[in-house]
Amino acid sequence: MNINDLVDHYKSVRNYSLKLTKPLSSEDHNLQPETFVSPAKWHLAHTTWFFEEMLLKPGLKGYKEFNSLFVKLFNSYYQTVGKPFNRAQRGNISRPSLEEVLQYRTFVDEHMLKLFNSSPTNEQKELAELGLNHEQQHQELLLTDIKFAFSINPLNPIYSINGIGINVIQPSTSNEWIDIEEGMHTIGHSGNGFCFDNELGQHQVFLPSFKISKQLVANEEYLAFIEDGGYKDFKFWLDDGWTWINENSIEWPLYWEKIDGNWHSYTLAGMKPIEPKAILTHISYYEANAFAAWKGCRLPTEFEWEAAASKINWGKRWEWTNSAYLPYPGFEISPNAVGEYNGKFMSNQMVLRGSSIATPNGHSRKTYRNFFQPTLRWQFNGIRLAK
Amino acid sequence: MNINDLVDHYKSVRNYSLKLTKPLSSEDHNLQPETFVSPAKWHLAHTTWFFEEMLLKPGLKGYKEFNSLFVKLFNSYYQTVGKPFNRAQRGNISRPSLEEVLQYRTFVDEHMLKLFNSSPTNEQKELAELGLNHEQQHQELLLTDIKFAFSINPLNPIYSINGIGINVIQPSTSNEWIDIEEGMHTIGHSGNGFCFDNELGQHQVFLPSFKISKQLVANEEYLAFIEDGGYKDFKFWLDDGWTWINENSIEWPLYWEKIDGNWHSYTLAGMKPIEPKAILTHISYYEANAFAAWKGCRLPTEFEWEAAASKINWGKRWEWTNSAYLPYPGFEISPNAVGEYNGKFMSNQMVLRGSSIATPNGHSRKTYRNFFQPTLRWQFNGIRLAK
Amino acid sequence: MNINDLVDHYKSVRNYSLKLTKPLSSEDHNLQPETFVSPAKWHLAHTTWFFEEMLLKPGLKGYKEFNSLFVKLFNSYYQTVGKPFNRAQRGNISRPSLEEVLQYRTFVDEHMLKLFNSSPTNEQKELAELGLNHEQQHQELLLTDIKFAFSINPLNPIYSINGIGINVIQPSTSNEWIDIEEGMHTIGHSGNGFCFDNELGQHQVFLPSFKISKQLVANEEYLAFIEDGGYKDFKFWLDDGWTWINENSIEWPLYWEKIDGNWHSYTLAGMKPIEPKAILTHISYYEANAFAAWKGCRLPTEFEWEAAASKINWGKRWEWTNSAYLPYPGFEISPNAVGEYNGKFMSNQMVLRGSSIATPNGHSRKTYRNFFQPTLRWQFNGIRLAK
Amino acid sequence: MNINDLVDHYKSVRNYSLKLTKPLSSEDHNLQPETFVSPAKWHLAHTTWFFEEMLLKPGLKGYKEFNSLFVKLFNSYYQTVGKPFNRAQRGNISRPSLEEVLQYRTFVDEHMLKLFNSSPTNEQKELAELGLNHEQQHQELLLTDIKFAFSINPLNPIYSINGIGINVIQPSTSNEWIDIEEGMHTIGHSGNGFCFDNELGQHQVFLPSFKISKQLVANEEYLAFIEDGGYKDFKFWLDDGWTWINENSIEWPLYWEKIDGNWHSYTLAGMKPIEPKAILTHISYYEANAFAAWKGCRLPTEFEWEAAASKINWGKRWEWTNSAYLPYPGFEISPNAVGEYNGKFMSNQMVLRGSSIATPNGHSRKTYRNFFQPTLRWQFNGIRLAK
């Protein structure tokens, strides 16, 4: 990797985090209405800590950490480097202040540039690249987290009047099925570009023939499911999903609300009417699966998705697949702290493929494996059908 | 009540809230690590809303509320005026900002002064007095809440270097038992001064003779209980208390921590060594009860406490009594929203008497009935023995 | 106490337990649908174990226990004699079988008679009397437990066609208020007859004048409360009670069910129509308190109840009082295992006075203090009003 | 299918259920210490109800059900035929008695024979075959359920002195790795024999080369993992598994107990010493996965398992695979009640392959897909390694 390119990439990614948090007040920076949400300030600090912990402390000669207690606050889940702070309390870290966290970012950035200037090893360059991709993941989370956090406030705060993710219309509106022939497909990443460890172990997968929709499901299609009683009929639902919607009184997608008889949705631009032709978002795996069953279709597997990726319109919504998040053949876990990055989460989660309108530029590829528990809806998730 | 005195009292109480929050940053103002804790900003807004809702809206001609949505955020538990905001989410109200809440305070203060200038009725003056006493209660909560909120931060933030409540030593250190003869005692409030509705219904109570300690229990006495295995022996504990300490692994008072073999406690002035002679604080009813059993004593009832109040040193710690929080004979509930102030909480709580070093000046009297669930420890609670 | 009377009492009480369990099959003997319910077989074994543990093991020379492992199964909550069996699993003790438990009863009875024949000490006679009163308490629980257990079975099993507690009509139906003058009253037990330790410490209580209803509340009165929307209006409810009915969707008394538009209730004689004039039963403290508020009345305190006991009709329903279960002045706890009988439960429970149609003959007196958590409804509880 | 063979099979399977329950008393028949355990009597009744509901009611002319309320008790999870009985209360069905349930079995058997004698359709024969396989699944559950239920009783009840599953030694003790070459493998069932719907949709799967152990893991190997601190080191564990063992204080397999320094295990023959060479059992997926990681190996996928099945020793333990339970390509769900049999459980469970010493004869095949949540340990589960 060219060091100048890396430095440019570093500056650009680090800067983008600050751009994203610009519309937020210092008070907005600490919101955490649910444990799975993290505050914006925490995202800013944690991504910085990642560089400090993984690169500067072991690798920059004479480096003295900004504050030796920060590891206790901003380590997310790396048990290799000590007991992480109680995740449910991330919103209660008023100290350090936002200002200090911004100073921390500047401090670490200066030292990262020093490291880049001192002939870094290949391993260091790769770790830096990992740190940047890690920060990009948090940039997307930051947006979905602030959306969730604002949504519980009856004042309906606005993040940005342009919004993100509202009323995204498909490139083409004609519904079209793509036919993929039976055959062998190459799955997983290879080559020089960056990828996460869970994409490695490129391998062959044999797939029977299948059809996959070129388009993602639109709001009006999902509305038909709701109006047909889809949330009231057990026969469309997985048993766990049926229990989940009933225990939580779930009857429509996250953020939806009927106001004076018309469906609206909370968005980062405030409360907005639902656009029938726009792409559905904020649904769980269970809802995606039930909708597919109601349609007489199914969700694609992650292998089918990857095999078809070049022929479909993707990039607007993370797409639930019918594949559990499990290791590829030959998956290997690093013995260092970064070994905790992906592998230990390979249970009870489903794979999502593609990317969303909240994904930073340059952070998507057809081998990317995103993963979430089947009930989670706060990402910009959508549905693509297969049969 | 003299209207000038009321105006002076109003200004002084309202001002004291701002003085208390001065050491806090805007980020500090939104901390809520547990549902029973409320953020400082919420305290500032809620106490203001109380005046607006109970006095200005019904009583000031032409009053237009500052923001018609604030009732959805800052109503604590008055169902008479609508569904209260989810208590567990008070820490996630970044909007309105602290600045706007301070403007809200100014706005309401200006209108309250208008009301005071327009020949208020007696009922209005009484409601204003209630609002001020209500705000004083929240001033004490604000301090105990910020202490709890800061205590979970490994940076050990300091609220004020003078601290509050640390190492408070008894006025006299000789332990002395006061004898109270069998006889009739007048319990409850009468006369012109302010009191809450739960103190009214002054009545006679006949008490057998008893002894009550002049002093509160000191840290060194409680340490002897710990070191004697008091937390390990079921026979000192109420059954519910025994379950509670075991399920929560409780082995010492809240905020205590052994550092390098020496007991310390988190205080509003930071982490400090335990002073053996200082008055014990931050213990639950169950711990108070167990300690008393270990001593071969018991806790006083609230009637014994009130009967003895003029002869004992009180005012440093809220003192757990062995009385459940229940209505006095003739207790009456107002049909208005303020009727929800006290009466509906008369179950599953124990009475505490006295006041603490965090209680605002002028907000204590010997008939005052404070009340909390028996497990709660974040107030400045202490122990007085009887036998 | 005369030893012959004691032996007669022993035989009669022990025999009554067997009479009560006669309608039950061996499978019925192990039902435990909720943790607070105990199976009939467990009641039979536990009451027997009480005599073995408290009297035979320490006091009968040469006594060898029936089975040394039974203490692990049939100790309810006496930590003095070891870790009690998990209460939630009492229904899963298929071994020992019912037959063996009956043999255990015979074995212990034979040895108790030996003890009675060998000049028992006064303390032993008192412990035997305690054991018999203990067994009588379990006889009442056995009936209410089997009622609860049968009630969840859609086959509506019948315990006895005569039933217990169904459609009990008041001795007189005219509603009458008894006036009690202000004055001093003697509360608590004294004299030679048996009582529990929590009734001791006879003392004087001064009471303001009050009125108390001669009658208990009838079904038709409570129906009027339901039909008036009593369960839907927060203003009648204690805050904890309001939370409880809403979280548990409680809208009428336990066991009630509307069948074809008519109220029925599951009873020990099967599903029966509600008799309007019969005495209401199976309500919680919260419901009793809310009903009283709706009526513009209140519940009596336990002291008022005892002061008025000779003038009211009681004995059909356990009557919720507005007194928390707390020690009398001078209450003392035995240092032996029996010291765990009562005192350790003195928190978070309310006192019930009187007795019910399920209380064994000879097991009631006006000083008796029963106690339960405010949500529990499976006893034959009722409401008496005061004002 | 030959009707005589079917009748013979019917009689033999139905009879085997009675044989299995012979050692149990009527009280033993109702044990349910945890919700996932079902009582023996319920198994006997539910499997009978399956024939009545799926075959006799729709298909035998003039059939009148034994008791029209039984559907409310013995329907497990078929929402198509009404609301199932609360699963957690299956142990509290004392009525109908065991005797009546046995009469119910006889009644249904007589009518099934009538059906078999009246020229049943192919669909009916297939449903009967499904009912028999269903009953065989419950026969295995019955054994594992009674083991779990007995294990919580300190009397250590014995089901049978011959026991089941204790100290099962491998056919050969030399550890041997089988090499499977890269290539295409046929997965899933085809042909005339019975299989469940989840095995259908035979398809080709391409697998990279791998090694799989001929042997299952023995107790002594797992003991080495325990003694090496395997339960104390996060790095071997999936994140969910680490949380699970810590929250539940899990440090060894289910039923293990150290008595006087020696490992024992509760078995259906009572408490027995652990035999080092015997095959490990009663471990969760998380433990299996952690052990494999500690060994530097992994678990096989269900496809690898099936591809290797003819070359390995299997049939003693259900073998956790690293495959989530998901549909095969072309999986179809019946529109009738039996459609609820398998498909709706395809989330959050892992596949187990093989069979165990508790599996009835004739009820195993290499395409069989068993499935359980990753924490469940009460089946006779074991570990086979791959790499």
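First chain written, first letter: the chains are A, B, C and D, and each begins at residue 1.
Please note the rule applied: a residue touches a chain if its C-beta (ideal position, glycine included) is under 8 Å from a C-beta of that chain, and two chains touch if they have at least 3 such contacts.
Since this is a predicted model, take the numbers as computed values, not measurements.
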item	value
Path length in steps (a step moves to a chain that is touched) from chain B to chain D	2
Inter-chain centre distance, chain A versus chain D - centres from mean C-alpha coordinates, in Å	37
Inter-centroid spacing, chain C versus chain A (mean Cα positions, whole Å)	57
Between chain A and chain B, centroid-to-centroid distance (C-alpha), Å	44
Shared interface positions of chain D, touching two or more other chains	none
All pairs of touching chains, each written as two labels joined by a dash	A-B, A-D, B-C, C-D
Of all residues in chain A, those that touch chain B in their complex	25-33, 69, 72-73, 85-86, 89, 91-98, 149, 152-155, 157
Chain A residues within the chain D interface of the complex	77, 79-80, 184, 203-208, 210, 234-235, 237-242, 285-286, 298, 322-324, 326-327, 329-330, 339, 344-348, 374
